[in-house]
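Going by the order they are written in, the chains are A, B, C and D; count residues from 1 in each one.
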Amino acid sequence: MIIVMQQGAARREIEEVMLEIERLGYKSHPIHGVERTVIGAIGDERGKMRLQMLEMAPGVERVIPILKPYKLAGKELHKEKTLVEVAPGVVFGGARIPVIAGPCSVESFEQICATAAAVKAAGAAMLRGGAYKPRTSPYAFQGHAEEGLKMLAAARAQSSLPVDTEVMKESLVDLVASYADLIQIGTRNMQNFDLLKAVGQTRKPVLLKRGLANTVAEWLMSAEYIMAQGNLNVILCERGIRTFETATRNTLDLSVISVLKRETHLPVVVDPSHGTGHWEYVEDMSLAAIAAGADGLIIEVHPNPHEAWSDGSQSLKPEGFAALMTKARAVAAAVGREL
Amino acid sequence: MIIVMQQGAARREIEEVMLEIERLGYKSHPIHGVERTVIGAIGDERGKMRLQMLEMAPGVERVIPILKPYKLAGKELHKEKTLVEVAPGVVFGGARIPVIAGPCSVESFEQICATAAAVKAAGAAMLRGGAYKPRTSPYAFQGHAEEGLKMLAAARAQSSLPVDTEVMKESLVDLVASYADLIQIGTRNMQNFDLLKAVGQTRKPVLLKRGLANTVAEWLMSAEYIMAQGNLNVILCERGIRTFETATRNTLDLSVISVLKRETHLPVVVDPSHGTGHWEYVEDMSLAAIAAGADGLIIEVHPNPHEAWSDGSQSLKPEGFAALMTKARAVAAAVGREL
Amino acid sequence: MIIVMQQGAARREIEEVMLEIERLGYKSHPIHGVERTVIGAIGDERGKMRLQMLEMAPGVERVIPILKPYKLAGKELHKEKTLVEVAPGVVFGGARIPVIAGPCSVESFEQICATAAAVKAAGAAMLRGGAYKPRTSPYAFQGHAEEGLKMLAAARAQSSLPVDTEVMKESLVDLVASYADLIQIGTRNMQNFDLLKAVGQTRKPVLLKRGLANTVAEWLMSAEYIMAQGNLNVILCERGIRTFETATRNTLDLSVISVLKRETHLPVVVDPSHGTGHWEYVEDMSLAAIAAGADGLIIEVHPNPHEAWSDGSQSLKPEGFAALMTKARAVAAAVGREL
Amino acid sequence: MIIVMQQGAARREIEEVMLEIERLGYKSHPIHGVERTVIGAIGDERGKMRLQMLEMAPGVERVIPILKPYKLAGKELHKEKTLVEVAPGVVFGGARIPVIAGPCSVESFEQICATAAAVKAAGAAMLRGGAYKPRTSPYAFQGHAEEGLKMLAAARAQSSLPVDTEVMKESLVDLVASYADLIQIGTRNMQNFDLLKAVGQTRKPVLLKRGLANTVAEWLMSAEYIMAQGNLNVILCERGIRTFETATRNTLDLSVISVLKRETHLPVVVDPSHGTGHWEYVEDMSLAAIAAGADGLIIEVHPNPHEAWSDGSQSLKPEGFAALMTKARAVAAAVGREL
C-alpha cells in the first residue's frame, strides 16, 4: 500500500500513521516530497482491509493499493492458462473453441431436443437451456424448474451434447449440479456471494457471467470466491455491460478478452446474444470474439424465435446458427484456432 | 402496445400481424402513415410478453409498450401514498421523516450498543447494522451471522430503537425476520428474484435498495415481485448508481426521489453513505435528500470509523451525526416536514 | 509520481527507471517490497507528461500520480473561496445565492422581455437566454444569433437584470462578451480548448458547464485552461451527466457540490432544468441543490412552455418559478444562506 | 409521432391535442384503448420539433417519434453502401479495408517521415498525425500547428501515403483542408456544430469520431449536419465510449459496427488505440473489428512509444504494427475482404 499524506500533514500525524502500519505487521517506509509525504507499507496487503482504513486517520489523504486483490484468479502466482474440461473432449482454454448453443428457456421436450439436434449438426459442442429463469417481471415465465432439468437431460441423452444451465439459489446447487455439466451463474448473481461459495463447494465447472455493471476487478474477485472454496474450474463469460447506449440491449465489451488474458489464467467465453440483444448482430460479434481470442461462445438458438417464451428477439434460427458456424470456422483458422 | 411496421412492409405482413394480435386476445387498430404503418394493439398488455415477441415477426420494425409494466407498485391503480409502519410510531411515508443510523457491520455487543445509544440521543428513529455482509472479497469480514443478530436484538432492547438488517439469501429470511423490524434487501440482491419472493411471503416491512445499475422501471418491477406475494410494506432506498465518475464511490441519484413521487405510492429513503462513499459528503447529501422530498434517511455511524471492520471511510462519528441531525431538522421544517 | 514495477522486474530495469527519473529532473526513491519494487519520483509532477510515459518503459507496471493536475483551480495553493461578481451586487460564492432564470432560447423581443419581468418579480438575480443554440439536429432552430443578443440587451435594459448567454465558437467570443455579463460555455464545449482559451483572454466571468460525461478532474482542468489565460472569474455549473437511466434526461449529480467544495475554491451553480429534463422535477432539485450548498441556480422559465422553440418540457411557467423561489428562500434560510 | 394521453385524460384534452396536430399540418388518428387513448400524428415528422412539444400540453403523458430523425445519413432513403474515396485507390466502404496508421502527434520531420515509411512498408494505406492536439491539460503539448501540417505534407511527399489530420476549430478548416486528404473531427468535437457545418462546406472527406458518451442516433445526427451542407463524404469512426470500467481507457463498442450497417450507408472505421488506451490490446481489437465488418482501421504507431509526446501508452512500435497487419490480412481473407 502507498499512504499519501495530506499537504501540510503534521509530523506527529505522519509518525502516527507509521506506527499504525508497524502495529498492523507491515514495514513502513516514508518518502518526503516537496509538497507532501507518502509512506509505503511493505508486506502482503491482500485481504488486509485494516490497512485501507488508514484512509480515515488524521492527516491521511488517500491509500493506494499496489498488489492485485485476487490471488487464485490472478496470473501473479499462476501463469499458465487453465484448461477447464466440461465433458470428455470439451475443453475451454485450449486451441479448440467450444460453442455452446440452445434456447434461452427450456420450453418443452420437443423444443429442446429439436434444438439440440440442430445445433449439434451445425457443430456446437454443448447445449444450453434455462430451467430456472431470472425475469425482470414477476408475471413472466419463470422456467419449468426441475421438469426443465429433466427435459435437458433427455436432450443430452439424445444428442450426447453436454449441457449448461443456470442455478439461481444456493439451495438448488446440488440439484442443478446433478443434471448439469456446466453450472451457470447469471449476470444478476455475479455478486451473490453465498451462491458463489455453494458452487465453489461442488467440483462441477462453473460459467461465471459478468455482472451488468461490474468491473474486471470485481469479476475476478467473484471467481476468487468460487476458487477459495476449492473449485478451480471457473470459466468467465462476458455478456455485455450497461452503458448509456440504447441501440443495443447491452454494450458487449470485447476488449475485456484482452484484459483478461493479461490479468487471469482462466478461460473466457463470449455471449453475443445477451451482449447485443438483437439476433442480427450475433454473427458479427461472434466472429469478432473469436478474432479477439475468446475461448468459447454461448449463443441463443431457437427453432422458432418469434414464438419463444423469452428472449426471442436475440435468438438465431438453426439455419442462421449453421451459417454463423461456417464463418466462425474460417475466422478461427485465421487466428490459428479451430471450432 | 404500438407495433411499428418496417418501411415498405408488405400488405400481407401487416395483415398477418393484425391477425396475430387478435389471436392473442387484443383488438388491432392500424394507422397507415405516409412512409409506414403502425398498429395499435388494444387491451391490457401488462405481463403479456407474447405481444412483445411480435418484434420478431416478418415486416415488424419494433414494438413499443404503452402501459407501465408494474401494477401494484405503480400509481395508476393506487394513487394515495403508502405509509409503512415499521414499529409503533415509526412510519415511513408521512410528514415525519425517520432516520435510520448505525454501523455498516455489527462488530461487537459494545460497539452496537454504544452506537445505538449515541444515535438515539441524536434523534435517530431506527438502528441499522449488518450481521450478514456482502463483501467483494472472500477474504474480508463476512459478518457475525446469527451472533450479530443477537447483538442487534440486545441493542434494540437497551435503546428501544427498532432495527434494520440485511438478509442475503432465501433460506435465512425467517431467521432474519424473527430479529428485524425492517428487512433490508441489498443493492446486489435487487434482482435476486427468489429472495424477493421469500421476503414477499413474510409480512415484515422490506427496505429494497436500488441495484447498482438498475433503472427505476426495473426497481419498481422488483418491488412488484415482493408485493405480488402479498407483502405491500415496501420502502425503496436510493443508494447511488454506478457511473463513470470516480470522485465518489457511486453517483447518488437524488432526482429519483422526484421520479418515484410520480411513478409510485411507495415511500423512498436515501442512503448518502453508500451513495457517496465519503463521510465528508454525507451531511450535504442528507440535507439535499430531505429538501428534495425523501421519506427517510439511512446513515452509517460508527464510534470509531478508522477502526471499523468495513466501510469506515463513509461512516460518521456520533458527534458528526448529531450535528447533521440538527441541520436536518431545520431543512425538514423549511419544507414542511419534521424529523 | 509513484512508479510501480512489475513483479519480477530485473534489477537493471529498476535502475534504468531510476536513471530516467533523475534525467527528467526528479529525485528517485525506491521502496523494495516483498513482491515488487515501487519507486517514488520526487518533484513537482504537474504538467509533466514525460514522467507518465515511464509507463511504457521495460519492467514498469503502472505510474500513479500523487499531486492534483490542476494548480490554479485547486485548493492546494488557493484555499479561500473565490467570489465572482457578475454585475454590481450579483456575486457567486458568497452567502447570498443568485438565481439565473429565463428561456432556453431567445425567441422574440416580447418573449424575452416578458420573461425578464416575470423572473425579476419572483426574485431572480440574472436573466438567461440563448442566441446561439447547440442543437442535436441540423433541422432544429439554431438561435437568432446577434439579433438574439440584441433582444437580450433590450430585456436587460428594461429589467436591469444582468444576462447570461452561451458562446459556441472562438470567433464570436468578442461579440458575445460585448453583450453578456456572464459568458456561458455549454456542456458540449467543456473540452473545446480553443474556445476555453479565448474566453480566458477576456475578463468577463465565465459559467463553465460540466461535460455530459466528464469527470470532476477533467472539469477542473477545463477551468484551468481558462484561468491559465488570466481570467480567474470562473463559475462551475453542474447540469447532469449521462448514465444508463432514462427516466430523466440526464442524472443530476448533486454530490459534485460536496466534491467541489473539497477540491476547488471556485463557486458552483446547479442547473436542474437540463439536469432532469422534466419541469416537474425542477423544484425538488432546486431545493436539494441549495440544501447541499450550491452557490447559485440556473433555471429555465418560459411564459408558454408548450410553445417553446426548444426544451419546453423542462421549462417552468412564471408562476411555477415564483412558487419555487418562495420555497427556495425557506431552504436557504435553513442552511444559513439567502436568495 | 404517437401521442400517448394520460390515463383519465379529459375528452376535451384529447380533442385539443387532435386540433393542435391538425393545426401543425398533420393528420390525427386516435385509438381509444381500455385505459387510455393514443393518437397518431400522420405526416413527415422529421425536423418537426413543434410536434414534440405536445408533450407539454394538458393531458399528454408522452410523445413517441416513429421515424428516424436523420434523412441523409439513414438507410431509409439511401440503401446502397457509400464509398468514400480519400485519394486515388484509397476507398472506404468497399471490399478492401484501408488501414490508417501513424503517431498521435506530429513531433518532428524525422519522426513523421520515419513512421510513414515504416507503416507504408507494413501495408498501411494512409498516414495519421495530429498537428492540433486537444489535450485535457493546458500544460500539455498542444501540437505544432501549421508547422506540423507541413511536416505531414513532407511525409506524404516522401511516402506517397495520403494523410488524415484533425481540425479543432472552424477558422482553421480551410487551412487544414489544404493539407489533409481526410479531415478528422475528434471525439470532443462530435457536437461542435459550427465546426461540422464548416467541414460540410468543403468537399474533403471527413472522418467523424464518435463522442465519448454519444449514442448512435446523436452520432448520425452529427453526420447529418455535415451532409446537410452538401458534403456526403463522411466516414464514421468508433473510438470507444465512456463507461464505469477503468481497466481500459474507454470501452470499445464493436457492436456499433453491426448497428451502423443496419442504420446507415456510411462506412465505419475503428480506432482500437483510443478505444482501449493500451498497446497490448490493439492487435486483438483490430482483428475483432475486421471480423465484425469494419471498413477501416486507424492505429497509433510511434517509432519510440516511451518517448512519445502524447498517448505513448497506446502506441504500437513499427514491428508490432507489421505483425498486426499480417494477422489482419488473414482475418480479412476469412471474412471475404482484403487489406
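Simple rule for what comes next: a residue touches a chain if its C-beta (ideal position, glycine included) is under 8 Å from a C-beta of that chain, and two chains touch if they have at least 3 such contacts.
Values in this document were obtained by computation on a predicted structure and should not be read as measured data.
The chain with its Cα centre farthest from the Cα centre of subunit D is B.
For the pairs A-B and A-C, the larger set of C-beta contacts lies at A-B. Centre-to-centre spacing of subunit B and subunit C amounts to 31 Å, using the average Cα coordinate of each chain. Distance from the subunit A centre to the subunit B centre is 26 Å, each centre being the mean of its Cα atoms.
Subunit C has its Cα centroid 38 Å from the Cα centroid of subunit A.
Residue positions 213, 242-244, 246 of subunit A are each in touch with at least two other chains.
The part of subunit C that touches subunit D in the complex is made up of residues 46-47, 49, 53-57, 69, 134-142, 168-171, 188-189, 191-195, 197, 211-213, 218, 221, 224-225, 228, 242, 279, 305-310, 312-313.
Against subunit D, in their complex, subunit B makes its touches with residues 2, 4, 7, 29, 31-36, 38, 40, 42-44, 64, 66-67, 76, 213, 242-244, 246. Per the touch definition, subunit D reaches subunit A in the complex via residues 213, 215-217, 241, 243-248, 251-259, 261-263, 275-276, 278, 280-281, 284-285, 287-293, 327, 330-331, 333-335.
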